[in-house]
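Here chain A shows up in two complexes: once beside chain B, once beside chain C.
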Partner chain A sequence: MLERSKLTFKMSQEKTILIFTLLGVIILAFIVIPIVNMIATQVILDVDALIKTAKDLSVLKSIWLSIYAAFLATLIALIFGVPLAYVLARRDFWGKESIESIIDVPIVIPHTVAGIALLTVFGSHGLIGYPLSNYIGFVDALPGIVVAMLFVSVPFLINSAREGFESVDPRLENVARSLGASRWKAVCEITIPLASRHILVGAIMSWARAISEFGAVVIIAYYPMIASTLIYERFLSEGLSASRPVAVLLMIVCLLVFILLRAISARWKRYDRD
Partner chain B sequence: MIEIKGLSKNWRGFSLKNVNLRVEKGEYFIILGPTAAGKTLLLELIAGFCEPNEGGIWINDKNVTRMTPEKRGTGFVYQDYSLFPHLTVKENIEFGLKIKGMPKSRIEEKSKEIMDILGISHLSHRRPRTLSGGEQQRVAIARGIVIEPSVMLLDEPLNALDARTQIQLRGELKKIHREAKLTTIHVTHDQTEAMVLADRIGVMMNGEIVQTGSPEEIFHFPLNERVAEFVGVENIIEGMVTSNEEGVATIRIDDHIMEAISSAKVGDRVRVCLRPESITIAPSKTLSSARNSFSGMITQLVPLGATCRIEIDCGFPLISLVTKTSAEDLGLRVGKGVCASFKASSVHVF
Partner chain C sequence: MKKLVAVFVVILLSCAAPGCITSEKVTLKVLHAGSLSAPFEEMERLFEERFPDVDVQREAAGSTKTIRKVTELNKTGDVVASADYSLIAPMMYPEYADWYILFAKNSIVIAYTNDSRYADEINQDNWYEILGRLDVKFGFSNPNDDPCGYRSQMAIQLAELYYNDGNIYDDLVEKNTNLRMTFEDGTYILRAPNSEEINPSDKIMVRSMEMELIHGLDAHEIDYYFIYRSVAEQHNERFLELPPQIDLSSADYADTYKKVQVVQSSGNIVTGKPIVYGITVPKNAEHYELGLEFVKLVLSDEGQKILDEMGQPPIVPAVGSGNVPQELMMLVYQG
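Right, the complex of A and B next:
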C-alpha cells in the first residue's frame, strides 16, 4: 500500500517535470526552427547565391563594419560602464535606484525612438553634434553607428559587471587595503580579476546586442551600411531571395564569434565556485 | 601601543558607544562579548575600513583616526579567512610585501620563513578553496603577520573551525605571539579562548566596553550580573550581609550562612557569585580549609563530555562542575546526598 502511494507520488512528480519539459521544448523550437530553416533552405535550394554573396565585397564590408562598430561600442561601454558598475555595487546613496532604472531605459524604449533621440543630440544641429561638428560627424558616419550601438547595448554590460562586483566580498578589498594596497590597487588586483568573468560575459552580451541593432542605427546613420541595414535594403529593393543569403552569412559569422566567446568565458576561471 | 578614546559609531544596526581602550605594546588583548555586541565594528574602525562618528584612535602615539587603511599597517584576519581566491597560498602571503615594493629575494625569504613557522610550506602552490578551514586560517594569519604590522587584528579567527583544529591553532597563536611579541587585538565570544590566550580582556556588551582586566579578574570578579552571566558564573545568589570582620563578610541566604571576602557593609543586600568549578563535592561533611560547606541533594546531573554539571539543592540551588572521573568515583547520581564546599575567597560579592 505504502509502496503504491510512493509510486503515485513519484509519478505525479515526474508528470510535473514532463509537462515543464514539453513547454520548454516548444519555446526552444520556436527559437531554433526559424534559424535552422533559413540556413537550411538557403544551403539546400540556393547554395550558389550564398557563395556569390560571400564573395560580394559590399556584403563583406558591411558585415565587417557591424563587427567593428560593435567592438568599438563595447570598448567604450567597458571604459565608462565598468567604473559605474563598481560604484553601484559598493556604495549606497540617495537616488541609487533611479540610476539603476535609468540604466535599463535603453532596453525598454523602442529602438527607432532611441535613434530619433540620439539624432536630436548627435545630429549636426544637435546638443553635442553641433559643437563637435568641425571635429567629428555622427550622421551617416561610423561614430553615429557606434553611438547608436552603445546606447542600446551598454545596459547589458553595466548590469553584468555590477553583479560581478557584488559577488566579490568587500572584506577581500578590506584585507588588501590593510596589507598596504590603495583602493585603486585593491580594485585592480583583487576585485576586477574576481569579477572578470561577469565583465567578460557582459561585454559579449553587449557586443552581440550591438551587432543585432538596426532601428537606432538606420535613423542616425543609414550609410555606411552595417549588415542589418544592407539586409533591410536588399529586402526592400530586391526581395527575399536577395536578402536571405546576406542574412544567412551574417548569422553564421555572428554565431561563430558568439560561440567562440561563450566558450572562452565558460572556461574562464571561476573563483566564486567550490 | 593602541589607544582608543571616546570612540562612537553607528553602522547598519551596530553601534559603539564611547569606547575607551588602551592596549600596550606586545600585549595580547581579547575583546570578549556576545554576538552583535559591535566587536567586529571596533576592529574595522581600528583598521580604518570605516570612520568613527566621534572619538579617535592612536597607533604607537600617532593619530590614525582619519588615515586610510593602507597607511595604518594593521594585519587583519577575518573569521571566514578572506583569502584572495584567485591567488595561490604563496601569492596571498606575498601580496602585502609586493605592494610595499620589497625586493624579490627578500620577499621569497620572508614568505618562506613565515610558511615554515606556520607549517604551510607544502601548500604554497595550492589555491585557497582547496584547503581545509584550519589551513586557510593559517594562511590568513601568515599573510597578516608577514608585513610586520603595528597591530594584529583577529576577528573571531577560530570560530569557523572544528574543535580539534581550534585547540591546535589556539596553541599556535599563543606560541607565535610569545615569539614575535606582536601587539594583538583578538575578538571572540569564546571564554576558553579568552582564558587561554589573553594577557588582558575587555568585555564588550551592546557596543560598550563594560569591564577590562586580567582573565582572573574577569572570570572570578565580574563587575556586574550581566558580565557574570556571560563569563559563565552560574551561581548568582541573593543574600544579606549580617556581619563583616576585617573583610570577611558573613552573608545570610535564607537560613544559611556563607562567608566571603568582601568589603560589603552590614545590612547590604548583595549578590553572591560563584563559579561552578570552584565548588568541591564530597560524599559527606569533611574538614577542609574551605569555610563554606553545605549539605544537599543532587537534583540534576548532566554529563558534558570530560566534565559533569551537577545541580545540588542545599536549601538554595548550587551548580557545580566536576570531572567525569570524580563523578564516577564518588558515585554521584540524582537523589544522592552530598556536601558542597568552597573557599571564602572564591566567592565574589557585588
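Right, the complex of A and C next:
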C-alpha cells in the first residue's frame, strides 16, 4: 500500500515535470524560431552578402562601437550602481520603496521618451549638458550613446547586485568585523566576493541591454552610428536584404560573447558551492 | 464562478460576430498620403456629420503605396489622395482612373523658435547667410530615408540658382557633411553616400525622419531646420517661407525644380518636382457617387479652410486634369 502511494506520488511528479517541460519547449521555440530562421535564411539564401558585410569596414566599426559603448556604460553602472545596491540590501530607511521603484522606471518608459528626456538634459543647452559643454559634448557623440545606454540598462545591474547582497548573510560581515576588519574591508573581502556571481550576471544583462538599445540612442546620437542604428538605416534606405546581414552578424558576435561570459559565470557558481 | 466566466465568454464571442457592433452604415474608404492625416481627420468628421449613415474609414500610407493598394493589391478605395499628383496618371490611367484634381500644395520651409539665434533677423534674402554663420546650427532629415530630406537638399541647391550665388550649397552642406552636389549635362545631381558616411559636423544635425528633428529644435540643440510647411504649422513652430522658385510649392516652376536630382544610396533616382496633392475617385470604387461627394467636400470652402489651417494651402480654384466628372466641373478650373 505504502509502495503504491509512493509510486503514484512519483508518477504525478513525473507528470508535472512533463507538463512543465512541454510548456517550456513552446516558449523556447518562440524565442529560437525567429532567431534561427533569420540566421538560416541569411546563410542559405545569401551567404555572399553575409561575407561581404563581415568585410564591410563601416559595419565592423558600428558593431565595435556598440560593444565598446555598452562596455563603458556597464563600467559606469558598476562603479555607481553596486554601492547603491549594497545600501538598499543592508539598510531600511524611509522612502526606500520609492527609490526601488524609481530604479525600475527606465525599464518601463518608452525608449523614444527616454531619448527625448536625455536630449533635453544632456543637450548643449540642458541642465547637465550646458555646464559641461566646454569639456564634453553629448549630442551626436560617444558620451551621448553611453548616457542613453546607461539609462536603460543600469536597473538590471542594480537589481541583480541587490539580490546578491541580500543573499549574503550579514552575520558573515559581522564576524569579520568582530575579528577587527573595518566595514570597508569586510564588504570588499567577504560580501562582494560572495555576491560576485550576481554582480557578474547583472553586468552581463546590463551590457546586453545596452547593446540592444536603439530608440533612446537615436534621438541623442544618430552619429556615430552604432550597430542598431545602422541596421535601421539600412532597412529604411535599402530594405530588408541590406539590413539582415548586419543584424545576423551582430547576433553572432553577441552570441559568442554571451556564451563566453555565461561559461565564466558558471565556473563562478561552482566556486560558490565549494 | 465557472458558469459566470462561461456566460461572459459567450457574450464576448457573440459581440465579436457581425451584427452586434456594425449597423447598416455604408463604409466609405478613403486612401490617402500620410501627410494628409491631419486635414483628412477633420474632413472625415465633417463628412460623417453631413452623411450620418456613412462611416468614413481612412487609410494613411506613402503615396506610391496608397495608389498600389488600388492598382496591385486589389483593394477598393472610394477616394485616393496622393502627395504627388504626378503619380496618378502614369500609375492609374486608363484602367483605374481617367481624371484627377490638384487640390493642395505643401512646401519646404525653415522652422525655428523665438530662441533660435538671429530669429529676429532672418528673412527671405539672408537666410542662407544666417544658416552659414559659425554659431548657428541647423538640421535636415536624411536624404536616403525621407522625401523631406531629399527635398531639403533640392531646395538648398535651387537657392544657388535663384540668388545667383554658387556657394550656397557648398557653404551650408558640403563644408559640413560628405554630401556632394555635382553638375552633369545641365542637371545638378546629389549622389548620396551610405547614411553612415554622411558624417555631419557639429553644425548640422541629421536625423532619419523629419519628425525627429523637432526634438532637436525643442531642446535648442539646433536653431533651424528644413521641414514641410504643414508639419511646422501643425506643431505651432515659427517658420520662414522660401521663394516659390526654390520651395517646391508651385507647378509654375516645375521646369526649374527638374534641374535638381538626388540619387539615393539605394540607387533610386528622384527628380525635383512640385509638392502638389492630387485626388481622384477610382473607376472601381464601390461607392462612386459618395466618393465624389467626399471630393466635393475637400474642394469646398470649408475643406479649403481646413487645408489652410493645417499648413497645406489649397489650390484655388482647384485644377482638373482628364475627364473630370460633370458634377465637379463647377469647382475646378480645367487645366
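Just so it is clear, the second predicted complex is superposed on the first by the 245 of 274 C-alpha atoms of A that agree within 3 Å, B and C clash if a C-alpha of one lies under 4 Å from a C-alpha of the other, contacts with A are read in each partner's own complex, and residues count from 1 in each chain.
The definition used in the following text is that a contact is a pair of C-beta atoms (placed from the backbone, for glycine too) under 8 Å apart; a residue touches a chain by one contact, two chains touch by 3 or more.
None of these values were measured; they are calculated from a predicted model.
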Exercise. Put the two structures on top of each other at chain A: do chain B and chain C fit, or clash?
Worked result: fit
For this session: Please indicate which partner A:64 is in contact with in the superposed arrangement: first for chain B, second for chain C, both, or neither.
Result: neither
Exercise. Does the superposition put A:124 against chain B (first), chain C (second), both, or neither?
Worked result: second
For this session: Kindly classify A:174 by the partners it touches after superposition: chain B alone (first), chain C alone (second), both, or neither?
Result: first
Seminar exercise, completed: After superposition on A, vertex chain A (C-alpha centre) with arms to chain B and chain C, in degrees to the nearest 10, comes to 150
For this session: Tell me which partner A:20 touches in the superposition: chain B (first), chain C (second), both or neither.
Result: neither
For this session: Have a look at where A:268 lands relative to chain B and chain C in the superposition and call it first, second, both or neither.
Result: neither
For this session: Tell me which partner A:219 touches in the superposition: chain B (first), chain C (second), both or neither.
Result: second
For this session: Based on the superposed arrangement, let me know which partner A:230 touches: chain B (first), chain C (second), both, or neither?
Result: second
Problem set entry | Gap in Å between nearest CA atoms once chain C and chain B share a frame through chain A | 43
Exercise. Hey, which residues of chain C end up touching chain A in the complex?
Worked result: 142, 144-145, 194-200, 202, 205-208, 212, 215-216, 218-221, 264-266
Problem set entry | Complex interface listing, chain A residues touching chain B | 169, 171-172, 174-183, 185, 189-190, 193-194, 269, 271-272, 274
Problem set entry | Interface residues, chain B side, partner chain A - complex | 44, 47-49, 68-70, 72-76, 78, 80, 82, 84-86, 95-96, 99-100, 129, 143-144, 147, 149, 153
Seminar exercise, completed: Counting only contacts in the complex, chain A reaches chain C at residues 58, 62, 115-116, 119-120, 123-126, 137, 139-140, 218-219, 222-223, 225, 230, 232-234, 236-239, 242
